[in-house]
Amino acid sequence: MPTSDVETIEAGRLTEARLIEMVFPEQTNHYGTLYGGQALALMDKAAFIAASRYARRAVVTASSERVDFHVPVRQGQLVELLARVVATGNTSITVEVKLYSEDLLTGERQLCTVGRFVLVAIDADGRKSPVLPLNVAAQGNHQP
Amino acid sequence: MPTSDVETIEAGRLTEARLIEMVFPEQTNHYGTLYGGQALALMDKAAFIAASRYARRAVVTASSERVDFHVPVRQGQLVELLARVVATGNTSITVEVKLYSEDLLTGERQLCTVGRFVLVAIDADGRKSPVLPLNVAAQGNHQP
Amino acid sequence: MPTSDVETIEAGRLTEARLIEMVFPEQTNHYGTLYGGQALALMDKAAFIAASRYARRAVVTASSERVDFHVPVRQGQLVELLARVVATGNTSITVEVKLYSEDLLTGERQLCTVGRFVLVAIDADGRKSPVLPLNVAAQGNHQP
Amino acid sequence: MPTSDVETIEAGRLTEARLIEMVFPEQTNHYGTLYGGQALALMDKAAFIAASRYARRAVVTASSERVDFHVPVRQGQLVELLARVVATGNTSITVEVKLYSEDLLTGERQLCTVGRFVLVAIDADGRKSPVLPLNVAAQGNHQP
Amino acid sequence: MPTSDVETIEAGRLTEARLIEMVFPEQTNHYGTLYGGQALALMDKAAFIAASRYARRAVVTASSERVDFHVPVRQGQLVELLARVVATGNTSITVEVKLYSEDLLTGERQLCTVGRFVLVAIDADGRKSPVLPLNVAAQGNHQP
Amino acid sequence: MPTSDVETIEAGRLTEARLIEMVFPEQTNHYGTLYGGQALALMDKAAFIAASRYARRAVVTASSERVDFHVPVRQGQLVELLARVVATGNTSITVEVKLYSEDLLTGERQLCTVGRFVLVAIDADGRKSPVLPLNVAAQGNHQP
């Protein structure tokens, strides 16, 4: 393996994170469907990664908005999460997270739910800390 | 140990569930505070148990309302969750969940966040299924 | 959410802890019943929390007494643990733990086993450390 | 949330999977670096997803080729895995997996290791089963 | 790799099981020592494997005898468990389990605790089922 | 329990590690067989323990050689790993790991795969560090 150089991806350059998760038995109820709370945990994780990558600062979740669960995810399906920074405040970052299910064998794929999470950047003392304003024009370069 | 008899606690009799959770490293960010998504997962779990106990039917989470995280929970603290059925519809159960942190050594205890979750009862075919209406007068008998 | 004030619950005030656990596949044998060792781990956890809360000191388990498993807990049931400080020595706390199973759908609830654990309070150097003597009269105020 | 239609992604259409994983304490040695075996497990997981998506059949890992670990991944970094189907046989799928580390705060990103895994498609009886030949021209459409 | 033939190890032939476990952060308290309950869970697991191997029947734990914890196990140490069938009844198997700690860097190794677990063989209907009587003379052949 | 003395097992004395693992649902695919990547993770863990015990130094995995998976391991079987130091370089330790499956009920036992892992000893600054040369004559004393 040729060892690669270190690349540095600065704050503001990445606005997305794409995660794939397998659904395990301990994340499902007795009916084999993903608990709502497990879906929320995965969505917050995707939001955390997208906001951290965008800000290159420590971030914590300040709030999650209302989330509706219309389409269940079943054990044996994949969950794919697409998190995207959609707005910034002085110290806050709003991330929209789409959760898709994908059946590995049939290839059926469906948007199951969408949520918005607001995260706040903090400094080493836990105080709110400024973030780069979102430059909508720069949003084309999503993937490292 | 004297083996105890089986007691049956019917639908409608219990309206609360009280859970204690330890906060583990894998549930916290690099700053040692519980991820928002992990808090949501614990809150949904408490809501699921309270609603199942109330309805004695299969239930699934239909929605989580907006949740704000004002007080962080730190590694090495307990989380105590108090879930309470606060409303019922034809097939739905609304559960309010309070999340407290408790420091085992100092004894400091604090309400960290409150959330509401709506769960729906389903039958064996996954169709919505009626639930007992909440009898506010009966709410005194919370613990088994 | 209105941020709540910090309450401090001093040593000696709380003598109980009540925990609910879901039974997951990885805690059960091939016959779908909770391993005895998993039951012991949950019981010790409840004893640890009750003793820590009582003493507001670091505690470690010094011994577990004989435990008999007469009633199996099955996957898809809840386990509820009720831990109660029943005696204190100079540096030790004896906690009795009752383990109940509860079937979420049928509402059947049963005492499965009872155990006693002795925990010892230790200071920062790991030396045994005195604990408040149990005041039986004060035992009415169990829940925070 | 508007419920989305079900899309079906047929065999042969997707040739990639992109996964992001957080590095947890239990995946690292005492020096805070990811165990080689945990890296292999993540790489095989990415290969499994890429091969399943490509074939839309049950697949099992038949072999992993030699993997060298030159750049350690540290706790508190992300791992991003990029798995890509690079060859097919009658019943086998060869997947190349690149493992990158990314430091959330500094934005430093580095290719840590590359591995190749051969997976075999199997039918319901566990017998080897044919897969679509890889059409190199079709490889532009990687992401669902 | 040359595929090996299948060997069959009949009931009564193996009387021991030797397990090594790493101690992970989530199994330790805030002082970095293994919870007593986690030690009990590991010991019961070793007893389960030794009794299953001996009987080649389904077994469940009927009781654990008093266990004292005199020597703490610390994070970053190994736990080695040596379980040995020491007695049989008509349907029961008594297993003695020794738990050793081993520091990987210093090589210090110490017997931390010893426990006895009684397991009962059950048939497909959950009824007690006879086990081979322990032939003390046969105990020389411990390892497969 | 009589507390035992501390024994010290010096570098070079132990050349083997024997581990038993249960196969859990979350380590298996939908067909109930252990993922190849989970087998690799268990094999690397066994190699890590054997190399650490041999060297009594911090070790990290430098490479894993080609591994073929011919015999699947099924849920409900044991995995037994036998890791053995087979060669040493100036700073490296080569460990061969055999992975056996064992069916607890039938007693069927089979060699499933063999792999070789090279680990490197490192000092506190992460630099390569010399290891004792393997003395083949000394290999008779494998178990502590």
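Per-chain residue numbering starts at 1, and chain names A, B, C, D, E and F are given in the order in which the chains are listed.
Here, a residue touches a chain if its C-beta (ideal position, glycine included) is under 8 Å from a C-beta of that chain, and two chains touch if they have at least 3 such contacts.
Being a predicted model, the structure only gives us computed values, none of them experimental.
For subunit C, the chain whose average C-alpha position is most distant is D. The greater number of contacting C-beta pairs, out of the two interfaces D-E and D-F, is seen for D-F. When chain centres are defined as mean Cα coordinates, E lies farthest from subunit A. Centre to centre, using the average C-alpha position, subunit B and subunit C are separated by 19 Å. Averaged C-alpha coordinates give centres for subunit C and subunit E that are 25 Å from one another. For the pair subunit A and subunit F, the distance between C-alpha centroids works out to 37 Å.
For subunit D, residues that reach two or more other chains under the stated contact definition are 25-26, 30, 45, 58, 68.
Viewed as a contact network, the protein chains fit none of the simple shapes, being neither a path, a ring, a star nor fully connected.
Pairs of chains meeting the touch criterion are A-B, A-C, A-D, A-F, B-C, B-D, B-E, C-E, C-F, D-E, D-F, E-F.
Residue ranges of subunit B in contact with subunit D, taken from their complex: 25-26, 30.
Of all the residues in subunit F, the ones that touch subunit D in their complex are 29-31, 33, 35-38, 40-45, 47-48, 58, 60-69, 72, 117, 122, 126. Of all residues in subunit F, only 1, 3-11, 13, 17-20, 22, 45, 49, 52-53, 56-58, 68, 70-71, 78, 80, 100, 102, 104-111, 113-114, 143-144 touch subunit E in the complex they form. For subunit B in complex with subunit E, the touching residues are 24-26, 76.
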